[in-house]
Amino acid sequence: MAAPLLELHGITKRFGALTALKDLSFHIGEGEVIGLLGDNGAGKSTTVNLISGIHKPTSGHLSVDGKQTLFTCRTDSADAGIETIYQNTALVDDLSITRNIFMGRERTNALGFLKEGEMREIAMEVLNSAVHISGIDSPDKLVGDLSGGQKQAVAIARAVYFKRRILMLDEPTSALSVRETEALLSQVLKLKAENVSSVLVTHNIYHAYQVCDRFVIMSHGTKVFDVAKADTDIAQLTEYVVLT
Amino acid sequence: MAAPLLELHGITKRFGALTALKDLSFHIGEGEVIGLLGDNGAGKSTTVNLISGIHKPTSGHLSVDGKQTLFTCRTDSADAGIETIYQNTALVDDLSITRNIFMGRERTNALGFLKEGEMREIAMEVLNSAVHISGIDSPDKLVGDLSGGQKQAVAIARAVYFKRRILMLDEPTSALSVRETEALLSQVLKLKAENVSSVLVTHNIYHAYQVCDRFVIMSHGTKVFDVAKADTDIAQLTEYVVLT
Amino acid sequence: QSVGEDEQVTATMIIYLDPSVQFFNPVVRGAEDAAAAFNVSLDVQYANNDPVRQNDLIDSAAAAGVDGIAVAISSSDAFDESICNAVDQGIIVIGFNNDDLEGAAGNCRQAYVGMDEEASGYELGQRMIAEFGLEEGDVVFNPREIPEATFAVARGGGIERAMDEVGITVETVRAGLDPAEAQNIMTQFLIANPDVKAVFGTGSVTSTVGAAAIRDAEIDVPFAGFDLAVEIANAVESGEMFATMDQQPYLQGYHPIAQIALAARYGLTPTDVDTGQGAFLDQSRITAIKDLIGTYR
Amino acid sequence: MITATDSGSAPPRHGPAHYLRRFLANPAGSIILVFGLIQIACIIWALLNPNDFRYLSPQNLAILMRAVPVLGCLALGVGVLMIAGEFDLSVGSVYALTAIVMAVQVTAGMSGFLAAGIAIAIGVAIGVLNGLITLRFNLPSFIVTLGGLLFWRGAVLLYNGAVQVRFDPEPAFTAIFAGTIFGLNAAFLWFLGLTFAFYMLLHHHRFGNHVFATGGNRAAATAIGINTGRVKIIAFAIAGGMAAVAGILATARVGSVQPGQGTGLELQAIAACVIGGLSLRGGRGSMIGVFLGVLLIHTITNVLLLIRAPGFYLEMFIAVLIVGASILNQLIDRRGRA
Amino acid sequence: MITATDSGSAPPRHGPAHYLRRFLANPAGSIILVFGLIQIACIIWALLNPNDFRYLSPQNLAILMRAVPVLGCLALGVGVLMIAGEFDLSVGSVYALTAIVMAVQVTAGMSGFLAAGIAIAIGVAIGVLNGLITLRFNLPSFIVTLGGLLFWRGAVLLYNGAVQVRFDPEPAFTAIFAGTIFGLNAAFLWFLGLTFAFYMLLHHHRFGNHVFATGGNRAAATAIGINTGRVKIIAFAIAGGMAAVAGILATARVGSVQPGQGTGLELQAIAACVIGGLSLRGGRGSMIGVFLGVLLIHTITNVLLLIRAPGFYLEMFIAVLIVGASILNQLIDRRGRA
């Protein structure tokens, strides 16, 4: 088999005196959907941020396509084809939906001036197709005026639109309604069919079981279980998540 | 039957041009657990904020124990015995867990000086009993350094500790792990046994069905369904939430 | 006294405004020349127009153990205690540029070197009245950089006294220290008040831009001011400006330091010096002085 | 979808209230309205009393055009930086320093244009330095640039002592920066042009989008891949460079530089920005707002001088009117949203 | 539970690095360390060169005690307000105004104590007014108090003209506010006492908890039932009142008031707070930090004066040293957290 898309090797991450991740290793294969599960404070978001280049590991390293590397900022991870939906959504409240979606990846002409009409249209289209969120009548609305679920939908729309090789989803459905949650999960499967891998962080084991191919369960900053869907069932997963 | 604990009468709430709630009426009985369901942007959080005194209605009014009233600030609703877990947690990141829990309701001596030792002990106890959250080793930790679920646990601990007559829970489990979610739901039932009413906002209909006595389903700012648990089932609820 | 023939005398000069005020350039130069001539180790400090800070400076100089202090006594009351403490400690204190309004009776300083700014304002006012025939009922304009600063109160007060005597009204406005902004404000005032019969600068900023403001407002009135700068000298020379008042600041720096050195080394008693003779500079006198501006004038 | 009206399927018809509301939803909407109302009041009054209130006299209009650009250029630069979430208190000192350097060089025989270029380069360099210290050591820019305020003010004295410097450039220089073009003051045209350039840069260019994102939520902007450090440093450089431009315009006009000039301009520039609707916390505002904020401050002073308000207490009236205009702005703004 | 060490069940033993880290985790930890280091350096130097560097001479210690309280009191008040999330730029003007009013009243025959009470009442009233305007119209306090800066400076002139006023209160007044008690300067004792009072109020009293909550996250504080408007107004009142206290101490010491005094003090006070670790965005900081910030600024000036640094460039040195101290502070702070 070819080298995995992305691999973590013995990653440790400390915040001052607190060790959030301890010697964590796992890999993400091509077209694979991984469920990253674990208790609150287990280190799931820290792992996602690390893979996105927001946090730098205290020790350990990553490899992309088998080549050892380190992400020092978000641009590095974007270059590696990683797109992330952050737990805290990472949106700028004072900017419009369109501008949030295209933030840092604006469509511009040769001089750097924005193609506003074009971006606006795409934004509207993405919002309507990727997530069927209600109540957003205009892509010019400020993100700060949206409801919790609407904000999350914008973050999802952005990541889905720019996805390339790996999509990281940190509790993407926490504020979503039943209908939108279903839509998102089927998006993940659709992307998988397009050979985009995903890492889904969630506390809902049913959702994870519904779409994931493999499960990585974390506890207190370490990996305690790493199993393919075929080799496990919901009961066992629940047991691992709850009891470790 | 006695007058309900709290009743909403024809509440309308506008934000500028947007009508978030339109002629909304429902009531909360004594010792009743209500599931407030609905799509993203349906107006659930707006309803919760309104009952908590954060938003003032554009028209309509409330009644508490049958007496007509209007909450103009959070203190009014606290006087009426309402305690809220907000969707955005409403915590001050730069303060410690203890200070967040006792914010605005500090234990002080006659001169207003804080009884820090006492509050610290209670905080620790509440965190350990109300929600069994992991990773919080000290109530002196700053809330800003906590994980998403840990923050939510602090907000829950605060509301549960100060609960009196009605507990409003706006998507309280969105960031919680399986274990903590179970703990919270059983808390709600325990409080019901102590005659504390609850309003649970959630997108997880299974959770709602597990603990609620009655369901209010909202769509586009209006109530579309109001039904006792005995008269419905999960399938019908899902249908209403998803299709309206 | 305490300092030997070959030892350095130490002295601190304390100026009440901030270092960017041009007026004190010749003062400092005079002090430095005296320091070089009399083997004095001199440091110059600036109080930035804050009496509390000036107290700190006097006290700090005393604490550092200098032999003498030259200080602009810009307040009649604020520095009495600090100066008396320094004198009690055996330090020679000489006032310059500004003195206690009660003179030697109001303060422990041993001598004063300077002139009377109120008097120079009064003199300029009288000369303008005489030269341009200002009369009762007229209005004159006297913009002030910082109206509450001592120099502005004294000079402006002198002008007002001269005008009052004839029944002329003095209009004033805060102009600030920024020349461009001062010029704007003065121009706008002149546009609004076309009946102004004469304009008086107060400090170096208003005196420098006054002629240009009159030009901008498209009116033609006489103008006079205070202090010396190349622009001011040019304006006086070209006739755009009637005259400017100077007070020989070089001497206000030279004398105090020289006197401190002589008093510390030989016990000579410091004495008052009046530097205000020959303050009035008009077209007839300006050319001779022009080249010395910024150094000795 | 939640709609504002119950009009069903027919396209809703909009009354004037609707358009007013849409106009006010524009970030600079309410300040445009306030400014417009004040101008209309002044103009009507001036037409009724042409002799007592010479607001519309050619001299007064000329003064307006000459007076506004200095504060205006400072405020544009400071405004960009404020939107990016940082302060620059050193602009007043940089303004004085660059002007002095330019004047001294011209006196020494350099061409005015070259000297102006050097002045701008120095301003930009100081801005970059402020930015590097702020970011490298994670300090509040308030402290760093307060240090800059004192330091560069001292550097002025170190460079050329406490003496006023004459500025006598070639006539072409004066014509381009202080002359009259098409009947308009050249400095004012520069200011207009720069306002337009900054408007385009901030509101319709990629860089501006990054500035708003950086100031609005730095953590989110970083998480999404914007190099917020670089954005901030460029914004610092712009503030420093615009301080130098202000110095050039002021010096070309007055023909001399005073070492103490520019004191307090930093607060005035920030005030103009805040009046124009910029948030002190960054991430919010518009360049048109800054432009009108500057014009509003000047109009207020101008009107007070024209109606011969007692000059001694002028600042009191200015204070009252500035706060009053801000209140009016806020009330209109609230009405637009409610 | 996630633990820092792998030590298993035995209680971990702590090395000095552990205690240093715990000390630095204290909000004022790193400024205490920076201040201590600078003091130790000065003291060693003074002991080695007792004649050239008279840092430890009784006279110099007396100056320290006389000089610190004025800026100190201003900074304490401004600091409380900054933690609550607002600015007050008018404190310098309020300081001058209240001092003038007090001096004029005493000259007119009033008792010094009564006049001081009136001064404080005026300061508090102005603070409340600032607060009401800021909150009622939802304006940035920056603009409102910038208006206040200009307005009250003008009011000084309106009240008593541009003349300085003698202050000759009863001897008891001078003894209590500027005399010597137990060998210590009375004003300094007041400052110490006020620092302690503010420390208790902010860090161990309910009100302080509300101040931190209001400044840290106003929406959350409101949602949880804190009357954030009231908290802010009280904080404004404290800032105004402390400006008056600073005026009283300054006037009692100097014996006269100048109408222009106090210009620029607002920025110095904010600088002292920021150096002491307060955030410009509110919600963070400690009163001990403010106290040490003031002492640090003064120590720097004092040392420069004692070594007779050239006054012409004094502010440049001060700027460099302030920024340097902030950098040191930040580096130590970061080390404590890393």
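We call the chains A, B, C, D and E, going by the order they appear; numbering starts again at 1 in every chain.
The rule is short, and it goes like this: a residue touches a chain if its C-beta (ideal position, glycine included) is under 8 Å from a C-beta of that chain, and two chains touch if they have at least 3 such contacts.
Source: prediction; values computed, not measured.
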**Asked** Taking contacts as defined above, which has more of them, B-E or C-E?
**Response** C-E
**Asked** Which chain maximises the distance between its CA centroid and that of chain A?
**Response** C
**chain C-chain E separation of Cα centroids, rounded to whole Å** = 34
**Inter-centroid spacing, chain E versus chain A (mean Cα positions, whole Å)** = 47
**Request:** Express in whole angstrom the distance between the two chain centres, defined as the mean CA positions of chain A and chain B.
**Result:** 29
**Message:** Measuring centre to centre with CA averages, how many angstrom lie between chain A and chain D?
**Reply:** 42
**Complete:** Multi-partner residues in chain A (2 or more other chains touched) are 41, 88, 134-135, 220
**Request:** Identify all positions of chain D at which a residue touches two or more other chains, and write them in rising order.
**Result:** 1-3, 153-154, 157, 312, 314-315
**Asked** Can you list the residues of chain C that touch 2 or more other chains?
**Response** 19, 147
**Touching residues (chain side chain A, partner chain D) in the complex** = 49, 52, 54, 73-75, 78, 84, 86, 88-95, 99, 102-106, 108, 111-114, 116, 134-135, 137
**Message:** Under the definition above, what is the set of chain B residues touching chain A in their complex?
**Reply:** 15, 38-42, 45, 87-88, 133-136, 145-150, 153, 171, 173-181, 203-205, 220, 238, 241-242
**Asked** Which residues of chain E touch chain B in their complex?
**Response** 1-3, 200, 204-207, 209-210, 212-213, 216-217, 219-227, 283-284
**Prompt:** Any idea which chain E residues touch chain D in the complex?
**Reply:** 89, 133, 137-140, 142-144, 146-151, 153-155, 157-158, 267, 270-271, 274-275, 279-281, 312-316, 318-320, 322-323, 326-327, 330-331, 334
**Item:** In the complex, chain D residues that touch chain C
**Value:** 54, 57, 59-60, 62-63, 66-67, 70, 153-154, 156-157, 161-164, 166, 250, 253-265, 301-302, 305-308, 311-312, 314-315
